[in-house]
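For clarity, chains are labelled A, B, C, D and E in written order, and residue numbers in each chain start from 1.
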Amino acid sequence: MKNIFNFLANPSRFRIFAKNVYPFSLIGMFIFIFIGLWFSLYNSPPDYQQGETVRIMYVHVPAAWMAMMVYLSMTIMSIFSLVWRHPLADILSKCSAPIGAMFTLIALVTGSIWGKPTWGTWWVWDARLTSVFILFLIYMGHIALVRAFEDEYKGARAGAILTLFGAFNLPIIKFSVDWWNTLHQPASVIKLDGPSIHIDMMVPLVLMAFGFLFFYFSFLLINVQTELNHRKLKKLFIKKLN
Amino acid sequence: MINKHIIYAQNLSFDRSGRNIFSSLSFSLDSSESIIIKGKNGSGKTSLLRCLAGFYPITRGKLLWYGEEILPAYYSEKPLISWLGHFDAIKGSLTVRENLMFFMEIWSVNINIFHEVVKVFSFEKFLDFPASWLSAGEKRRLSLLRLSFCPAKVWFMDEPTTYLDMENKEILISIMSKHINSGGSIICATHENFHLPNTKEYSLG
Amino acid sequence: MINKHIIYAQNLSFDRSGRNIFSSLSFSLDSSESIIIKGKNGSGKTSLLRCLAGFYPITRGKLLWYGEEILPAYYSEKPLISWLGHFDAIKGSLTVRENLMFFMEIWSVNINIFHEVVKVFSFEKFLDFPASWLSAGEKRRLSLLRLSFCPAKVWFMDEPTTYLDMENKEILISIMSKHINSGGSIICATHENFHLPNTKEYSLG
Amino acid sequence: MRLFFKLVYRDINLVIKGASDTGAAILFYLLAIIMFPLSSGTDTNLLTTIAGGAIWMAALFASLLSLDRLFRSDFEDGSLEQIVLSGMSMEIIVLSKCLAHWLTNGLPIVLLSPILSLIMGLDYEYWWILAITLLIGTPSLTLIGATPAALSCAIGKGGVLTALVLLPLMLPVLILGSGAISAEISGLGGKGHLYALSAIFPISLLVSPFLASRSIRLGWE
Amino acid sequence: MRLFFKLVYRDINLVIKGASDTGAAILFYLLAIIMFPLSSGTDTNLLTTIAGGAIWMAALFASLLSLDRLFRSDFEDGSLEQIVLSGMSMEIIVLSKCLAHWLTNGLPIVLLSPILSLIMGLDYEYWWILAITLLIGTPSLTLIGATPAALSCAIGKGGVLTALVLLPLMLPVLILGSGAISAEISGLGGKGHLYALSAIFPISLLVSPFLASRSIRLGWE
């Protein structure tokens, strides 16, 4: 594992890797999302309580999962960055943040839209919703902070510090529904004693989740390539000065 | 014997934002020795001092303090260096005495030494001034005064003559010489021509 | 003829917080002339410059600019003086170019003159740097560069050689000489020995 | 006049480049509003009642925060000396800095107010009155704040004193501004408050450049 | 340890001498509270309901205001370099600065809270819970704020970013703090909130010196 990481640390090698993997990831994304959408929009039952509105779930839940997943991966990257000063970890983390912010926004917006018919309100300041909102703010803070530095290396280190600090929020998001009594419903898929959700709903949910995961990979690879190109340009600019 | 050197630097290089600031510097510093760093504006004198102190991370090369891989900015047992940089670390809202007292206390400086140094710089009359009243040269003298009662054996000085008049430049040189003669060491970046005992000169850039 | 002098000062005195900083200074400055102010640290050089510019109010005495009771800091038709003080008036978060552009625009400086001056100070390669990257001497050169494209005829310089290396000191002296020879005037406080054309030296303190 | 706009342009640029605290102030404003519901519980009725006052108070604090450094950063690094020696009168400098401050602080506050009313659950009929009071009131806040901000240069520390001097001066604006909204909501009509509020602007426009420029010069003396 | 207290003493002295913004922050806190009634009308019932939340919010802003310069003034004038070269570990420096900050910012906030509850018309039975939440919460605010404050040295501008980064991190403290009070008032009991609030302190005490000292060093790099 460590060898793979070292192998990819070289920017030009990673560029080649990214170029080769990217199309597959993109194809994966389209396949999963299309099949997932077909299942979730046509081939799954309406909820016995909520009726058709339940279909928002197939966007909401994977987006919420990804919002947390992306942050978790950024946290791991940050440890790599701070402890081993790994340049690739810096880049991956920096490029993940905007995607994570977008998933969080999707979760927030779809959640609100879903909330109106089910809870009768767009928004309440309960623990789950607030902590997701905080996650969004942390993402925004991270994006702004990393880009505030002239020096990418310093920006990345600062971003890593912030990511670690903000990681306290992840368990709060995950367990807020259990710790406090909230409007939001508790976990029914990802929990210790196995999922408690009907298989007909489970299938599109999982398909969409994979679709979103590939979405993340695809855009991460695009972002990383842009970032590498950007750095190369800057290096050329600075070389001209020396 | 590497272990005997206070500073031992081999092939030091330093890059910043992808620009190479200096490269392949090798030298050593022992007690009763001084190094004068010269070089054009932007040649990396300040950067070198900061690398040696540990404020900037060196990009390549080997840097040993007392034969070990320690750095003054990370060392927390006693002050390894006494530092005079471009910033004067003076709080304008405190008096000169209050400014000095704090450092006297954290460095456990004897009050007699303090009074002696104050005399050398003829700073008695300023002691109860708010530090914000001092002129540019007086501020610099205050920094020098603080530098010279620090118990650290190695002095790092970045253009110490800035703002000083002729008389104070001579006082400066005499205290630097005294420090070297009594077993201390100095690394000093400057554009002036200094005559210090037992000195090596390096040119950057 | 009083009216012909650019600056005419008679018996200037200046007190601050009850302390007398300087007293009974009389002199005049004409075009193509320079005044070098010398004096120990704390003798009041900076204070004198600031009094002349109008930043400090003189306590006693008479001060005329172009024979009138005006002061550069209060005059709002055109810049009367170009000022180089201890503070560099550089915004680190802007690039060097952005820093200069603002002053170019408010002084209506011709772009050709700008490029010429940039060349004199070999500052081309720094133009797109963030100003916070510059070394101490490079910052000083940036201030000098700005000073020298200001359309004002009188230059006020407070220790202009600070942080400069030998080469840049010479460039500085050459642009100062050029300014005087082309009809400008300079008042300069310094601890160095300058050789400027048509110069008077005053000692304070 | 040309110089005036150059200076305004420069100051706005500095805000955009993040060198000034004004951007922070807007953020502060936004977050302060978002935090109201968090700290006062989620009773919607309650929120609606305090919405106008809360938004006005957040606006006041946002101005206060950023005014402290209105002149100080330029004063401390020598830029202000350079500018005043360039043949601009101090009053013009003060006015241009106030304009730049309002454009980057007051205007965003006004523009954001509808969104914030939404978050706070203010009835949408009252959005316009909130926006109007802010539009009339924020320029006065900036102008009133200029003098204490300039004084803080003279003291050399600012902070404590700026806030202490500023708040009482700004209070009338706050009271009239939030008063107009509650008067409107209670059906009494906020016109009276609005007229009084609009009277503050020309007065401060006349007085403040004069006093602020004196204060800055005091800092040099 | 001796050095630790010397540094704390120095920082407190600087606050007293007015060199630091911490004093301003306390004033800000007081004035903000006084302005609540002015901006939200003087309906006593209403005031009482929002009192806890309002005081907590003012406390949060007061910390936020002063934290921005926690390390920056020492960083900018070179004092921090001198101190770290004097043989103090960076973590100790961070802790001592946090202690000094809390003593001059958090503690006054706690001590003033009874008076403020009086002004806000909070029922006097609830004074103790307000004071306790503040006593437990303010040290966490300081510690949590240390890292963004240190990061602002590295960026060299602070302001916008400090606030942006700080607020989300501080929100949980605010929510738990004001939540405890409203839970107590509503009869549900604020114990749960208090426990959660007290859990934040040890965690931030462990994490924050480490991350803040990294951030400051980053500023030197």
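Here, a contact is a pair of C-beta atoms (placed from the backbone, for glycine too) under 8 Å apart; a residue touches a chain by one contact, two chains touch by 3 or more.
Note that the structure is a prediction, hence the values are computed from the model and not measured.
Counting hops only between chains that touch, subunit C reaches subunit D in a minimum of 1.
Its C-alpha atoms fitted onto subunit E, subunit D is found rotated by 180°, rounded in steps of 5.
Farthest chain from subunit C (centres taken as the mean of C-alpha atoms): A. A comparison of the A-C and A-B interfaces places the larger number of contacting C-beta pairs at A-B. Of all residue numbers that take part in the contact between subunit B and subunit C, over half occur on both sides, making this a same-residue interface.
Averaging C-alpha coordinates per chain places the centre of subunit A 38 Å away from that of subunit D.
Our note on geometry: subunit D versus subunit E, Cα centroid distance of 25 Å, whole angstroms. Between subunit C and subunit E, the centres computed from C-alpha atoms are 45 Å apart. We define each chain's centre as the mean of its Cα atoms; on that basis subunit B and subunit C are separated by 31 Å.
Looking at subunit E, residues 18-19, 157, 160-161, 164, 167, 171, 175, 221 sit in touch with two or more other chains.
Chain contacts: subunit B has residues 17, 86, 92-93 touching two or more partner chains.
Shared interface positions of subunit A, defined as residues touching 2 or more other chains, are 125, 130, 148, 150, 241. On the side of subunit A, the complex with subunit B involves touching residues 150-151, 153, 234-235, 238-239, 241-242.
On subunit D, the positions that touch subunit C within their shared complex are 3, 6-7, 10, 13-14, 17-19, 76-79, 81-89, 92, 217, 220-221.
The touching residues of subunit E, when paired with subunit A in their complex, are 147-148, 151, 154-155, 157, 160-161, 164-165, 167-169, 171-172, 175, 203, 207, 211, 214-215, 218, 221. Within the complex, the subunit C residues that touch subunit B are 17, 39-42, 46, 86, 133-138, 140-141, 159, 162-168, 191. Only residues 50, 53, 55-57, 72-73, 75-83, 85-94, 98, 102-103, 105-107, 146, 152 of subunit B touch subunit E when the two sit together in their complex.
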